[in-house]
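Common to both upcoming complexes is chain A, partnered first by chain B, then by chain C.
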Partner chain A sequence: MNPPLLQIEDLRTHFFTDDGVVRAVDGVSLELGARETLAVVGESGSGKSVTALSMLRLVPEPPGRIVGGRILFAGRDLVGLSGDAMRKIRGKEISMIFQEPMTSLNPVYSCGEQIIEAVVLHEKVDRARARQRAIEMLGLVGIPVPEQRVDEYPHQMSGGMRQRVMIAMALACRPSILIADEPTTALDVTIQAQILELLKRLQRELGMAVLLITHDLGVVAETADRVAVMYAGQIVEYCDTAAAFRRTLHPYTAGLLASLPRLGAKREALRVIPGNVPNPARFPQGCRFHPRCPIVQDRCRAHEPPMLTFDGAHRSRCWRADEIAAGAIDPAGPAQGAARG
Partner chain B sequence: MAEPLLEVRDLRKYFPIRKGLLSRTVGHVKAVDGVSFTVQAGEVLGLVGGSGCGKATTGRCILRLIEPTSGSVRFAGREVTTLPRKELRQLRREMQIVFQDPYSSLNPRLTVGSMLSEALAIHRLARGEKARERVAELLRLVGLHPDHARRYPHEFSGGQRQRIGVARALAVSPRLIVADEPVSALDVSIQAQIINLLRDLQRRMKLTYLFVAHDLSVVEHISDRVAVMYLGKIAELADSEVLYREPRHPYTLSLLSAIPVPDPTRRRSRIVLKGDVPSPAQPPTGCRFHPRCFMAREICAREEPVLRQVSPGHWTACHFAEQVEAPAGSV
Partner chain C sequence: MTERPRPAPPSVTPPEPLLEDGAETSTRSPWQLFLLHFRRSHVAVLGAYLLAALYLMAVFAPFIAPYPQEQIDRQRFYHPPQRLHWVDPAGTFHPLPFVHPTRMVDPANFGYQEDRTHIQPLRWFVRGAPYRLFGVIPTRRHLFGVDPPGRVYLLGSDPSGRDVFSRLLFGSQISLTVGLVGIAISFTIGMLLGGIFGYFGGWVDTIIMGAPELLLTIPALYLFIALRSIFPVSLPSQQVYLAIVVILAFIGWAGLARIIRGMVLSIRRADYVAAAEALGMSHLRIIARHILPNTLSFVIVAVTVSIPGYILGEVVLSFLGLGVQEPAASWGNMLNQARNLRVLSSFPWMLFPPGIAIFVTVMAFNFLGDGLRDALDPRKVLGGRAG
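Let's look at the complex of A and B:
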């Protein structure tokens, strides 16, 4: 990989609530290379969205606060940056799109106006030029007759079209990084396919890096170069996408993969990960996955495992990753009989 | 074949669009527009489609949680749509629903135990000690502990709440359960637990399900037969395996190809449909799918295809069902 465009080192973002300290992100390290797609996958409360919000310094303070770590981008640490300096990066160098385009677009401005505002703010061009850019961008994201639709309001558009407008807005200033937080979760599967194809094409044409946050392993398999699997505020596995699916070194990833219903597969009982997604205010002692792990041992209950690296690039936070790597044990655990859940 | 437990014929639900001071009706959203199918006792029928296709409205019309505009729903030989309120309440004991969001569908002020006992009391099934025993049995049945009866819904995780939702539906020993997106709000690692639970209960108690969901892989996994809906109508209906193996409707084919597969080594050809889902207030002429269809010809804009049988038990509404295949040059 080229020198990373963005590097996160031991990031800790905690929330200080009446219920106690929520360690939403608790020691996350990752790198994003130029033109690369990195998927961050996890369930609710895993810390994937808070990681992304931390990168843009959009974590609400209070109750949240980045309590440790560094986010290195273009030679600077974003963690210590002033609000003013951060505003120059946000939307210009690093942009973000969200799951619900309707709630992230302003309903009282036309779609074009919202793009124009961003361009004028960041690029010191006049409104006529900015409007031209808005029309170009809307065309680029596949909105038909963009010179007309530039004056339409978000409510006049369908969900898929709104997500395209969001993408146009995010990319209008040609950022080097696009953070996409569950960009297709609210959309129909046929529209999701359109948006994923669009993101792939734009990435090729504009050459940005994409940090894709998702819970859908199918989306990961089809779009990402590398994947970071998060569980309970930490990355538990970090590797090439192909490696994660072919020979995962973590029992959580293995459990997720085994529990998915697959089209055309035999209709047997699905394998399950027992138990519940942990409450972020009360993560378990030791390995945070241990209460649900099929290959748990005593040391997993007592001590938190370190991140170990295999084959130079495949990282796993599991005490038994070496045994898994050697093929001595199945990370999904022994075959389940009549699984009851 | 025996008489089906549920028979839906030409079901329609039109929601009026009102405008202006006098709330004049200016049009209708044809959410369900002539849907017919049957479900045998002990069978699981999956109902799948995108948002706004009418699958959830269909489920609710069957239980009359929404009053249908026209059409017939027969349950165990009785017409449901014309049943007086009182008899409908009795019939509801045999037809229950499990909702998508287990939190908003559970009363936050009742303990799980009182919620379940209430259902038993309303239908005069059990009281007092008997009811307590039955509640404990129900909780065990869905994989919870009898002690959980003393707790409130907010004390449970999403997956546990959905187990409570299932227990409440089962409390009155129904024959039919309409499961309305029962796993879509749950985390990935919890979905498999609930799918297994529903499947296990269905087999052990010989339940009949109408399983409504947008996720074709989930529906295919649990259903014996699957109906695919598009804009208020059934586009295709077939045995689960047949539908997956030999789809005979271009919409089904594109749905199947659009699902991201969790296997990076499998590079498939993908059909990316053009355009958006049209509004059910102004469905396209002819075949409702024709503006997005990669196979559309002139007749499709003009003439609405009827749902016809292309092989035993395999129904499809496409003029060119015999020629359905992925277009050349799909991505």
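Let's look at the complex of A and C:
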């Protein structure tokens, strides 16, 4: 692994609401190496987006607040940084693209204007040069005839085009980290593939690290070097992508994988993980996944499992990870394991 | 090139693109889209032209008006509007209209009779009272008039023997601009407060936005009088003008601020605001460049339809004698002269010129506002793509 560019240690972001404290992110640690793609996977409400927003300190405050942990980037702890210093990092060092390309561009400005604004904001260049850069960026993200489309307005573009413009905007100042928060969720399947391909190419060409937030395991398999699986505000498994798919050490990941529809498989009901994500204001005692876990034991109900490391880099937050690692039990559960054959 | 029976001459400029054409390839700025939609509403275009005409007349008032607004004619109080004639009693046609001089026949009831033996032709660009056009160019030329000592009263004269037509024009300078200046102040305050408090929220927001609602529970008329009492009773006319504008803006800003604040509250949650934050923009920059411009289409409409309120506010204040003082004219204090029954029945030209002027202005603003609302409707702008 490359030396970490960004390191998150025990991050805790809580929301103080009328219904109590929502521990949206509760002790997340991860590293992002240069030129690496790390995928953060989880169901809705698992805290993956809040983790990303915390990295840019964009958690709405109040009600949200980073109550603990450190985010180390370029020798600095972003958690303690002033608003001004943080603004110099956003868009310049760490950029973010969002899920909804249809609404992420301001309808009153042309696409070029919005890229120019991003460039002028962080670099001492005149508008003419910034415009040149905007055209360059549009070309780079694969928009045909960029010198013409630079003056077009968002409503003249399709969703895929707009997501390309968003990417051009985010990368206009050549950040070293791009956070992509479900960048393909709102797009057609064919466009999804194009955008993922584009992100991969840009990562190679620009040499940046990508933090990819998604709930789509297919996207993970295609793009990520490593994967962090989140559940109920915590990372439950953290390993190489290949390892996660080949031999997962956590029953939640196993459940996610088992719920993927398989091409060519006998037609049957889609497998699901029984139950729902717990209410983040009232997590269950013990392991947060235990009410839904197929291999639950008594100690899972009583005590929260620590993060355990296997083979040097494969981390799992499960009391029975050693048994899974030894091949003694199937993390997907005995019944499902038998059915899968 | 398409083959045609008769070869068309090669044209350099392509035909004017239709809405359906080239929506994908040609860039249509929001402004062009706006014009496209606006022109479709004939009533709105009519309103725009009417307002343009009204404001032009206000600007050129001293030139168009044959007499200064305070010039008194001691021989002709309550003189009725004079008829323009083209054919004289001898049957001769005059290409330029003329009026007959009048003399008073019933001093008790201000009855006048035309003297058909004499004619006074209207002349263009006559020399008259000196004035400064646009406040700077000294001149004596007036658009029309009759040779002195004759007089022409197109819309009659008032109880002091002043020309109603001239006063209507001079009055428009006050009545029409009060709305613009007032709304400009309200707009600025509304944008500032609505933008900032809508964005940041918090308890300050609750108080600042709650206070006006308290203010608005007081009946408007009392509020007018109470606010007017803050200023000295007798003021030079310029200061009265300022006082009126301040009073109207003080009452008017709240509505606008509330509209803007509401819109800012919703736009603040828009994805492009999140994107702007993620690009490292400051809060004020986001408010000024990304949020407020998105409220503009609604604010323009709100501004247009609230200007009549300011105009009517000035009318009310001046009608009550709290606004613009004689001898300076405003549409409000002109109406003031028509407030008793005898005047209304005997001298209707005291009521109708300012009354109709106010009516036309208010209608024109409302027509314009309706047209703007349709043209600026964001759904419609998107529909304009027709793709």
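The criterion applied here is as follows: the second predicted complex is superposed on the first by the 332 of 341 C-alpha atoms of A that agree within 3 Å, B and C clash if a C-alpha of one lies under 4 Å from a C-alpha of the other, contacts with A are read in each partner's own complex, and residues count from 1 in each chain.
Throughout what follows, a residue touches a chain if its C-beta (ideal position, glycine included) is under 8 Å from a C-beta of that chain, and two chains touch if they have at least 3 such contacts.
This is a predicted model, so every value here is computed, not measured.
Visitor: Looking at the superposed three-chain arrangement on chain A, would you call chain B and chain C a clash or a fit?
Guide: In the superposition, chain B and chain C stay clear of each other.
Visitor: Is it chain B or chain C that touches the larger share of residues in chain A?
Guide: In the superposed model, B touches more residues of chain A.
Visitor: After lining up the shared chain so the two structures overlap, which partner does A:L260 touch, if you call chain B first and chain C second: first, second, both or neither?
Guide: It touches chain B, and chain C stays clear.
Visitor: So in the superposed three-chain picture, is A:G160 touching just chain B, just chain C, both, or none of them (first/second/both/neither)?
Guide: first
Visitor: With the two complexes superposed on chain A, say which partner A:I273 touches: chain B (first), chain C (second), both, or neither.
Guide: first
Visitor: Is A:A242 touching anything from chain B or chain C once the two structures are fitted on A? First, second, both or neither.
Guide: First partner only.
Visitor: After the superposition on A, what does A:Q192 contact: first (chain B), second (chain C), both or neither?
Guide: first
Visitor: May I ask you to decide whether A:V220 touches chain B, chain C, both, or neither, giving the answer as first, second, both or neither?
Guide: Touch partner of A:V220: chain B, not chain C.
Visitor: Which partner does A:E100 contact after superposing on A: first (chain B), second (chain C), both, neither?
Guide: Second partner only.
Visitor: After lining up the shared chain so the two structures overlap, which partner does A:S44 touch, if you call chain B first and chain C second: first, second, both or neither?
Guide: first
Visitor: To be precise, I mean the smallest distance between any C-alpha of chain B and any C-alpha of chain C in the superposed model; what is it in Å?
Guide: Across the overlay, chain B reaches chain C at a minimum of 6 Å between C-alpha atoms.
Visitor: Touching residues of chain A toward chain C in the complex: what are they?
Guide: Residues in contact with chain C: 56, 58, 86-92, 95-98, 100, 103-109, 117-118, 121-122, 148, 151-153, 155-156, 166, 169-170.
Visitor: Okay, in this complex, where on chain B does chain A touch?
Guide: Going by the criterion above, the answer is residues 50-51, 143, 157-160, 187-197, 199-200, 214-218, 220-222, 240-241, 244-245, 254-265, 270, 272-273, 276-277, 292, 331.
Visitor: State the interface residues of chain A toward chain B in the complex, per the touch definition above.
Guide: Per the touch definition, chain A meets chain B at residues 43-44, 158, 160-161, 188-194, 196-197, 215-222, 241-242, 245-246, 255-257, 259-265, 267, 269-274, 276-277, 292, 338-341.
Visitor: Give the list of chain C residues in touch with chain A in this complex.
Guide: 23-24, 27, 29-30, 270-272, 274-282, 289-290, 293-294, 296, 378, 381-382, 385
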